[in-house]
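Going in written order, the chains are labelled A, B, C, D and E, and every chain counts its residues from 1.
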Amino acid sequence: MSARVTKTTPHYLMLLPFMLLFAVFFLYPIVSGLIYSFFDWAGAQPTTFVALENYTKVLNSRNFNKAASNLLLYVSITVPLGLTIAFCLALLVDSFSGFWAKFFRSAFFMPVVMPLFLAATIWRWMYAPNFGLLNTILGWFGFESVQFLNNVNTMLYCLIAVDVWVSAGFNMVIILAGLKNVPKHYYEAARLDGANKLQQIFYVTIPSIRPVLFFVVTYSLISALQVFDVPWLLTGSSFAEYGGRANTLLFPVMDIMGRGFGAVKFGQAAAYGFMLTALIIAVTAVMFALRKKVGEV
Amino acid sequence: MSDVANMEVSVARSKATGTRRASEARRRISDATVWTVLKWTIAICVAIVAIFPLWWMFNVVFSEPGVPVSINPRLYPTSISAGLRNIAIIFTETGYLRAYYISVVYTLLTIGGILLVSSMAAFEFALFDFPGKKIMFAIVMLSLMVPKAVTLVPTYLLTVQLGWLNTMQGLVVPGLASAFGLFMLVQFMKSLPTEMIEAARLDGANHFQIYLHVVLPLSRNALVTLAILTFMHTWGNFSWPLIVAPNPTMYTVGQVVGLFNAPYSHTTVDIAMTANLLAAVPPLIFFLIFQRQIVEGIASSGSKG
Amino acid sequence: MSDLQIVNASKTYGTVGVLNQVNLEISSGEFVVFVGPSGCGKSTLLRMISGLEEISSGEIWLDGRVVNDVDPAKRGVAMVFQNYALYPHMTVFDNMAFSLTMAGAPKKERMERVEKAAEILRLGHLLDRRPGQLSGGQKQRVAIGRAIVREPKVFLFDEPLSNLDAELRVQMRAELVQLHAKLKSTMIYVTHDQIEAMTLADKMVVMNGGVIQQVGRPLDLYDDPNNKFVAGFIGTPKMNFLNARVAQVFDDRVVLSQIGGTDTGILEVPFHQFDQSIKEVQIGVRPEHVRILGNVEPSASMPVTVALVEELGDMTVIHTDLPNGERLTAQSHGGRYAGIANACATVDATHVLVFDREGNRLRGAKLS
Amino acid sequence: MSDLQIVNASKTYGTVGVLNQVNLEISSGEFVVFVGPSGCGKSTLLRMISGLEEISSGEIWLDGRVVNDVDPAKRGVAMVFQNYALYPHMTVFDNMAFSLTMAGAPKKERMERVEKAAEILRLGHLLDRRPGQLSGGQKQRVAIGRAIVREPKVFLFDEPLSNLDAELRVQMRAELVQLHAKLKSTMIYVTHDQIEAMTLADKMVVMNGGVIQQVGRPLDLYDDPNNKFVAGFIGTPKMNFLNARVAQVFDDRVVLSQIGGTDTGILEVPFHQFDQSIKEVQIGVRPEHVRILGNVEPSASMPVTVALVEELGDMTVIHTDLPNGERLTAQSHGGRYAGIANACATVDATHVLVFDREGNRLRGAKLS
Amino acid sequence: QEKVVLDYWVYSDFAQGEALKLQQSFISEFEAKHPGVKINIAGKGDDDLLTGQIAGAASGTGPDVFMNSTSAGAALVQAGALKNVYEDWMAMPQEYRDQFNKDLIAMCTPKPQTMYCLPYTGFGSFMFRNLTVLKEAGIDPATPIKDWNDWVAQMEKVKAKGKYGIPDMTQVWGSFLNIYSGIAEPNEWGADFEKKKTLINPDKYAKTAELFVKMKPYSTGTSINDQATRDLFISNQLAFYINGPWANPPFEQAAKNSNLKYDWVLIPGAHEGKNGGVQGYEFIGVAPKKNAKLAWEFAAYVTEKQQMVRWAAALGRYNSNQASLTDPAVASHPLLAITYKAAKTALFNKPPFFSGVYPNSYWSAITDNASAIEDGNMTPEEGAKKLIEELNEILSDG
């Protein structure tokens, strides 16, 4: 018994710093956030227990459905699109070698390195009506100026473009690393079997890097569900006013921030946050279940 | 007679094969060149799209003052001296240098802390079995799914209770138990050969020495990758410093830049852009120095998902 | 001094038994080789000796004390891993000195002991390199060097040569023999390469399915195996096993018939006091004791069909099929195969081993 | 029909030449084996034939047409890779049917052809499994099956057995022989395992450093190698090479002396019209033609020191050192080594090969 | 004697350049009068200021004395960041109290005996005109713009020369209000939090929306906050630009560097004699903390006439200390003069202050509705009706 204890002690000692910090600075705030979500809580003022009122208020609020449907649409486009592009970029970089491979890899990764507020400033300029870069180019082809960021039909796609631009490099690098691990023989066998480039991608590359893809998909999903800063900056949001025209770029986390710091309803913000958490956990669980079903190679 | 005929036939045939080969070769070459041209075109275009914003900002900073920015696309720098003047203004007339200092210290301490704390934990989670391991790891992973917006205020209140408002430890310590970092390192360390650790055990290394002398050095790529990602994340972290270190003596670069970006700020575009550009420089340098490791590091962490 | 006793050692993973009641004695200075097919538990046994694997039941005695609960590093054993497990981030010197560093030995001592080991293994000029800059054989030597530095009582090797190419293996084998002669430590060596086992072992331990099948000098196992498994496992080409009927039993020999399903397949095998109750046996014949003759058919020869001839220069291996479908392989030296399709085979009865239906060796009673 | 000619083929990577002016003819139905040390260009040559590697100069003709620029899939060749390259995410059936799927063959045809191949290889019951659920030998067979399904004119094998354990290798070797007999296709096989090469090849191609050293039947290469490389490469234990002086030349023999640096090391080697200008040669003697004698010292025997004895059951290999430090290995069968340390060695002069100082074989003039 | 340290938070532009210098001299004067007191000034961006104050109030560690926009006042009241300074206020001499804008004092005192702050600086919006563009379009800047129709007519002329008339005024609630204020009265803006009803007058809203529809062809499509809009103005592409005085510095610089010629006028109203415009104020508040007394004294000091005169004179910025604005040193400042004029007719930005927190979708509902009408998705009348319903619904949702 005591031998067992001494044997496992070093493990817990090594874990201690992390778990202690984690418990204090993550677990405790999460738990207290969860508790606050059942209270009417406006910062310093005394809190009163309101049971599930915060949750029902959020669920019944005008913005909730809008934010939820925005999120759904956004996630269902940006994740597949972003990953497809990242995947293509990875293939592209993989087809180079030596200096150029490194060069393009670094170049494509650049947006990941750049602070977001910078990226947003520049994209707002690119999207500007009439004189923005995009509209200038459209103008050359005789198209009318589009108010990209103020038109409910284009706003979401503008956001997705920026989002893909920001995240593609990161996903690309991960996929690229996966590509490097695919044994060359698979491709050679497929070539001998008469598979063309596209078929090689579908029959060899994708199945071979499935674990990497799983990681990338899951991580992208989790991040996309928590989307916040890009639409916030792109719409020039403030706590008083956010979400862009007709709330087209309103997402749950934005609303959480707004309800907290704008309307000073932290209880509602917390309730909202935990509903989102539940959604994220559900999505992740589905992902893991799917992986089990498909079977790990 | 028949010999002659044969000869002719064979000549004809060799001619035929000759021309067919030539045309085949041509087709192959043209296929190849089309593909190559396409490949390069796409790659260069994407590279431009990726790098352009930074380039543009650089040009805005290094341009003749007073020329409207957004309707005269700046494709190249026009005035180096103006840019230098802008930079000088930023450094002399604002607390930028101090903010640089705070940000660098904040970032480096965070990186150091995260690498240390999460590598120690990852070492245990990835390589050993002990009671409670699964449940602890699961809880840590679940925390990844709670949006930051929810915990921001409770964490802040806690930090205040600790008396860490406007202190470096207030900035750094609450972010050290990074679930993402732990996850990444665990994935990487799982792929380390167990023999290496067993060899060290036989060589008399104790638990901590195995971590220090064997596992840490072997995880170098993953650690560097985590360092880069942490650098970018910490450097760009805005909301936490904002509420936990509101004192101007503790402003980070992000906050100072925020002052320039405020809608009612008096500053002109080029000055604001200079502030922005200067904020982008350190992560860029950090990335360029360490970018080689990032692929290998992420590779082994990603592949096991 | 460094005697090793393994007493009733078993190992289970969950409910799966991997080693079953293993008993083994190893004396100081012996070179012991564990052989057996993949998955038979060789590595597990070795790792139990090293202390890396816990022992489920039983005891391991080293130098007269039970070491079941002694820390691996304190048992005085050193291990060389299959893939060397060199630390890629350290130089050869640091790799070799690692255990001393961990023990806090002063620099001077480290230098001395590493250099001594390096000299033995001719590694002196490589001490500053990293493992990545070494060839396979050099890595191998560094891995051994790391073990030598610790001056262990017992060396443990887990298939240390399996990653090397054929030529290097032959060379490293010779070096190991010399090393053993020089150090005179106990060495325990795991392999599934027979030639390695036969050439290196003072004592060979044949394992199968978590059970020790036989322990002994290599040639004793070759000549006098305890059961079909050992007989078949040792020797290439593999021993032939043929079913036979006991036709007649004499005091000093037994007459077996129906070999290969033929009437002419009759052998008089020298055997002291054969157990009369046994009617069916299997015989084991090594290919070198089978002769394939041309189409002549002497009595006591069996008709065979030649299935495949492998001419390997000096040696010719002829695979034939007996009328009942059993395979009979013959091996001959020097001559070249004449190219016959139907032939006759004779078996040297004095070298025939007899097994019961369960595969256990039947031995004649010892003459008192 | 599927004749293969390789004409002046060379391959360079950048400035590094890997294959140098290779010329080779392979007739339909032949089983050709490429052997050679690691890095000699075997795989490269094979891959050039398959079309996976481009040819730098020269031509490859298949069935009377140059295929240099033909797409790999359209050459009618199939390749079996060292690590099988089975797609882990597909069932055995899908793996085998992959080429047909790519070609858009209808389901029925796929079923038929895969089943036919599966029958040949006894894979019928495995078609629904994934490669991860197969043993090494089964994977190997699936890899071959995938090739068979394509009904290629030429099969290419790149060390297909090197990942299998010894026993399975022997077994698979036999299966390959049978397969070749059944399909009668041209097969080209790369290995660096001699036994594999000798047992499988109709024609053996020995390569070294990107150059073909000799082409011929295995036993011809064994008995009559063109140079020291081929002589040394084929045969285990390796042929002994000893320096010798030409003492006397007769019309039908040559007398060599100072073998092993000893005065008694004198051999009269049958040789028709030895070139008188040559004074120094090297002789090659296979271990089986060396005999180690007890302490008796007959004339024409050389004193040797026994360095290492490897007793492998039927075979005993004795490594000895000659007085001048040259190594002389002897091999004997049947008997057991007596345990002498100082001994004498004799060499069978009729089996001695003579090489010049550059390692090229010196052959006697043909008798007209 | 222990040193008392007061944290003093201001908008970022108060902690930059000229403004900072002035603030620091106020501080040192105050410190000189109160030995043992030290005041730390910190500048913050808009949202950051609010975030920090709310978080600070929640933890009791916020700034001691701070400014913010009156429009954020209600949120700060709710967060408990503001001390009731009614008694301190009443303790001040009458003469001091008379210096302030009466309306604002009323706004700061939403309930009897409850006063949350001292009104501090402020702004009024007006219209910048690019004289080069007007000249090109053949418009005489000296003739005042009579009403909306006149205004639109001018824009048409500008557009005929290929230039733009005005930014898109529907994108930001502030720019919307700049137009709406040209027709509405103070009691037709804001919300009644008791009844949970908006005060917007639907008819006047519809009129405003009609104007948006008319202006649309002449609009740049960019919002007033976009850099592109300012750049258009600087590069003589845009005739009218409506914003507060803070927009002036870049124009001033451009006037120096690239000969921008511009002036400013009041924002045209729907009919002659009426002008549009928005006035907004910053207040200075005191946290309910230990040193609230001293903090109050400091707040009272900086808002006092002497300081506000210096402030207005140096920066040309408006404030709520009416007495200071009439000071001759101040009245002559051109920017201040126009602001002062504008503020007389302008509507408050988000009234009523300090009583109810506007739900976060209130303001975007207005701009969304206006944009939709501008885009032709609804008629102005339909839109107005819908908007009122929507806003009332939002208010009652809480």
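In the analysis below, a residue touches a chain if its C-beta (ideal position, glycine included) is under 8 Å from a C-beta of that chain, and two chains touch if they have at least 3 such contacts.
Computed from a predicted model, the values in this text were never measured in an experiment.
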Go through the assembly and pull out the chains touching chain B as well as chain D. A, C
More contacts between chains, A-E or B-C: A-E
Centrality ranking, top chain (CA atoms only): B
Roughly how far is chain A from chain E, going centre to centre by Cα mean, in whole Å? 36
Chain B and chain E have mean C-alpha positions lying a whole-number Å distance apart equal to 41
Gap in Å, rounded to a whole number, between the CA centres of chain E and chain D: 91
Chain A to chain D: how many Å between their CA centres? 57
Multi-chain contacts in chain B, i.e. residues touching at least two other chains, fall at 69-71, 153, 206, 258, 261
Please output the residue numbers of chain E that touch at least 2 other chains, ranges allowed. 46, 51, 55, 58-60, 225-228, 231-232
Specify, in ascending order, the residues of chain C that touch 2 or more different other chains. none
Given the complex, residues on chain D that touch chain C span 38, 165-167, 170, 174, 177, 192-195, 198-199, 218-219, 222-223, 234-235, 286, 288, 308, 310-314, 319, 331, 333-334, 336
Listed in rising order, the residues of chain A that touch chain D in the complex are 183, 185-186, 188-196, 199, 203-204, 207-208, 210, 297
Residue set of chain A touching chain E in the complex reads 42-45, 57, 61-63, 124-125, 128-132, 145, 147, 150, 236, 238-243, 245-247, 255, 258-259, 261-264, 266
Mind listing the chain E positions that touch chain B in their complex? 7, 9, 11-13, 15-17, 19, 40-46, 48, 51-52, 55-56, 58-61, 63, 225-228, 230-232, 234-235, 237, 244, 246, 249-250, 253-254, 256-258
Interface residues, chain E side, partner chain A - complex: 46-47, 50-51, 54-55, 57-60, 71-72, 75, 78-81, 168, 171, 173, 220-223, 225-228, 231-232, 357-361, 363-364, 367-368, 371-372, 393-394, 397-398
